[in-house]
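A quick write-up on the structure given underneath.
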Amino acid sequence: MDRRELVFMDSTSNKFWRIELNGDSHTVTFGRAGTDGQSKTKTFADADAAKKDYDKLISAKLKKGYVDADSASAATGEDADALPVLAFRSILKEDDVGHNAKTFIGKRIADYDPNKKPTAGGKTVYRFRSDWDSQDCVPNLKHFLETDAAREAVGIVIGNWTGDDTGTDPSEVIELLCQNSKRLAALKAIYLGDIISEECEMSWIQQSDIGPLLKAFPNLELLRTRGGENLKIGHLKHDNLRGLICESGGLRAEVVRQIGRSKFPALEHLELWLGTDEYGGDSSVEDLQPILSGDLFPQLKYLGLRNCDFVDDIAAVIVNSPLIQRIETLDLSLGVLTDEGGRALLSLPTDGTLQHVNLHFNYMTNDVIKELKKLPLKMDLSKPSHMDQDDEWRFVAVGE
Amino acid sequence: MKTLSPEEARQHLLAEEKAAICVEGSIDLRQTKLSSIACRLQCNDLDLSGTPIESLPKSLKVRSRLTLDNCTSLQRLPKGLTCGSLSLRGCVFIDRLPEQLSTWFLNASGCPRLSSWPKEATIRNGNVNLRNCVEIRELPGWLGPLGQLDLGGCVNLHALPEGLQVSGWIDIGGSGIQSLPKSLANSPLRWRSVPITHQIAFEPDKITAKQVLDERNAELRRVMIERMGYLKFANDVEAKELDRDTDAGGQRQLLKIDIDEDEPLVGLVCNCPSTNRQYFLRVPPQMQTCHQAAAWMAGFDDPKRYRPVIET
Amino acid sequence: MQSDAEKRSRIDRECWVIGDPESRRVQDFQRSAIGLGMRVPNCLDWNDLIASEGRCLEQIPPLARVRIDSFGQRCETIASLIELGGGDVFPKRGQVLSLDHQYQGIVRAMEMVECWRCRRLESKHDVIIDQVPGDLAVMFDKWATHQLMLPYRPKTVLLPTEIDAAGQAIQSFADCCGGRVFVKPRYASSASGVCCYRTQRGRQQLIAAIEIDRCGDDIRLFNSLRVRSFTNPADIDAILRVLIPQGMIAEAAVSKARLDGERFDLRIVVIDGKADHLVVRQSPWPITNLHLGNRRGDLELLYDSVGIDRVNDCRQLAIHAAAQFPRTRYSGVDILLPRVNPPLVCEVNAFGDFLPNLTASGKTVYASILQIDAGAFV
């Protein structure tokens, strides 16, 4: 009996999918992680037909970004408490940019309600945010920090900290978290800025120096931020940080350079949304050279250079870089990737560690897409339905 | 070695202190009066654009970006210079790159004297920009593989080394290049930043007026006309004659071609008296007469003031 | 006392729908009737209604039951409505144009139906119409509806139709509503032309299901299935310049309650005073119409998170809103549930009953409408 179990995680879900082949039938079981899920059995004319469908379904799931449940990226390391690399995934598709996160590090997110007792055991990740007519973020966080659940919290999500006053930065929240680092003893992951366009345009989000978080939480494994304006990483050394995600409509060159001289020896997942210069993203491919040289992050498995209007330039340089020989996933999605960049990617190494290439939301023509599909790599070449092929003016997925 | 903040390092360098320093970060000395670096220096990025700097010390270590744009007094770079990217835009005095240079990116656009390459050096993985380096006559065999290669305006460069690898585009707009080595047979091409086909680049004779008029992209259309020749294009589309007169070189014509979704193409067709060849010279579309167009080309807005003895 | 036979005959009475015969609405309605073992309702095309100036209504036999449904999205129907309303600029498919004239056309068409009904009444060949045509005309005028729904409405002002004056009015209204307002066409249905506008620290944002089509100086707006955020002042100005002359209202934004982290509102279909059919419209955007790819929220979750009492308050308010049109037997009421305060009425939709697959006690909306107690007629 053949059997395969796959798992999937992103900002909205954490689910499993299992298939068992049994002669002329197969059984698919799927559902939310931690549940029994539901099963469906399908019978075929003969065993060959069943096997063929079994293989087809698996390959379709792998294309969608599922990975084997016991693979390196889904399994926790030697340290059973460590987060799997899969849990570092942020949003995958352009459509999801407009939605608040529903899961974080594979756990369900709930808005913190001071009137309800928080769940114990760190099973739920709480989100703290202000509404446009209320200022609940900091008071709720303070309330939470006094509870026992705070000691067990593995992840924390900070949503819109400013209400509708787009001029405020999160320094107060950062300070509060840092002051309470002893209480937040189990904290491994912080998402600072789960803010969608309806709450505050991405380019309006005022960030600040996130260095204090790195300093105050030596056991932090994932730091995810959204918003590029005034973002700074004032502390560039961390021994245990495994995931760093900076989502923005425009990431300043200085931030990219800061990362280029950082010391994060454990980093496995680096995701930078470089954006456009219209929104302060003034970096260029030269700024990425220290990262692409391959010496900087020896453990890196995933590199995302997303939402980037010069991704064609990156594509041309990255295929020759030493780094591409070492990583497993290259993510150039959400940017302005055209045929020029697509053709450069035809020389991606196919005999090394590289397995997944995410090019979702691109401006390539069918000719180049067809060529890329021939590469023996798992590629996401999808486009959202609204993307106009003849679009003369090309945009990154998230400008604002 | 003392570790300084970028701002402290800036002051240290401007004061021409001798003590060796190390900096985590970017030092910005753009448009300062700095003419030399007096100390041993290690940093991540160094920007000396627009300074009167003449040379750099051999001990200088820039890990990532070294920017020397418009350093017009800069003559020499140190042997063995190693960095992530080197930008020398508009360094008009530079005529050679140092031996054992090692970088990913080189931007030497607008270096008109740059002519000789080191025997041994490493420029690979990144992009090379030699836009308007008119004295470049060849590229070295050790070059590459590269990301993008800009050779626009390299009028004296006629061929590229066999085996050169470029994964992105090559810009050959206005260069002397008329064919590509086999290793670049499928490379995307550009003509002064406009993506073009190999036919437009290397078989301009085969471009037809119909092909031009069917092209919807205005920039590409202009390149196609430039490649096939204005005169041939004007003849092929049977341009409208706006005016005709005679000058020292012989007969002149002012022609107009209407193009969809673009301003009309208006040009003066004239004979050059010295070479006796016919030329099509593009003028602004509001020109009405040959005389007005000739005056505009000579730099007169008011044609009444333009009274040449002989037009050359 | 009516005999069973009489009741039976009334259930069996011929049913007519004034609608777009090609539309899913009419086809679903007809299928529902077949499913219930009733006669297939006939469809009288809005196009014919307008073209014949109401004369084609004469083909409807005495005692028939008549339902007025949407005129649909056909360009020719919209054009003839606009023409009927005295307009002479006609939109392309999906274009937001001439809403004011289109509204005048709807009013004229409703007058035709009302005249016909009165004539029938006098001649004793009477018919039964599910909706009072005049009520539908009110529902299509958001400003008129607003006044009828007071005090259960967000603060709202009618905007001038001149662009500069309207711009100032929006600005000062936004200033006194915490920076966020909805700017909505006075005469339109669904999300067409609805904009969520906000201003903060000199920045503007306009969220709408709109696409701007520029051709030189000519700016056209099209309804889009995609909600988008505009922040470029030139885009926002372009949108308002097209919309304002067509008649707009500005409505204070309400801080809606959240379900599973997302905002929601409720569409409640009230049929003969019963508010059984309820849909949670959940969206990350402030515009929650379901055809824009938003999703129906989970009812159980709704009860869990806001409590059964508040949901019942919403149903009661929907019933109250529908009761302002006492002789119109059903309508779709949109209810806003603020985070803290009591619910408010967002809109009353004349044709807000097209909710396929939604059931309450096993009955779809159309089944409930078709089975309206026959004894209650006349």
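Letters A, B and C mark the chains in the order given here, with residues in each chain numbered from 1 onward.
The rule is short, and it goes like this: a contact is a pair of C-beta atoms (placed from the backbone, for glycine too) under 8 Å apart; a residue touches a chain by one contact, two chains touch by 3 or more.
Remember, predicted model here, so these are calculated numbers, not experimental data.
Trainee: Is the chain-to-chain touch network here best called a line, a ring, a star, complete, or other?
Mentor: Topology of the interface graph: linear, an open chain of contacts.
Trainee: Which chain pair is joined by more contacting C-beta pairs, A-C or A-B?
Mentor: Top pair by contacting C-beta pairs is A-B.
Trainee: CA centre of chain B versus CA centre of chain C: separation in Å?
Mentor: Computed from C-alpha means, the inter-chain centre distance equals 61 Å.
Trainee: Return the distance between the CA-based centres of chain A and chain C, expressed in whole Å.
Mentor: 40
Trainee: Send over the residues of chain A in touch with two or more other chains.
Mentor: none
Trainee: Mind pulling the chain C residues that touch 2 or more other chains?
Mentor: none
Trainee: Once bound in the complex, which stretches of chain A touch chain B?
Mentor: Chain A residues touching chain B: 236, 254, 257-258, 260-261, 285-287, 289-290, 292-293, 312-313, 315-317, 319-321, 339-341, 343-344, 347, 392.
Trainee: Applying the document's contact rule, which stretches of chain B touch chain A when the two form their complex?
Mentor: 24-26, 44-45, 63-65, 84-85, 104-105, 124-127, 145-148, 166-169, 186, 188, 195, 217
Trainee: Considering the complex alone, what residue numbers of chain A touch chain C?
Mentor: Within the complex, chain A contacts chain C at residues 98-100, 102, 109-111, 127, 131-134, 164-167, 196-198, 201, 203-204, 386, 400.
Trainee: Can you list the chain C residues touching chain A in their complex?
Mentor: That would be residues 178-180, 198, 200-201, 203, 205, 207, 226-227, 229, 231, 255, 258, 260-263, 284-286, 339 of chain C.
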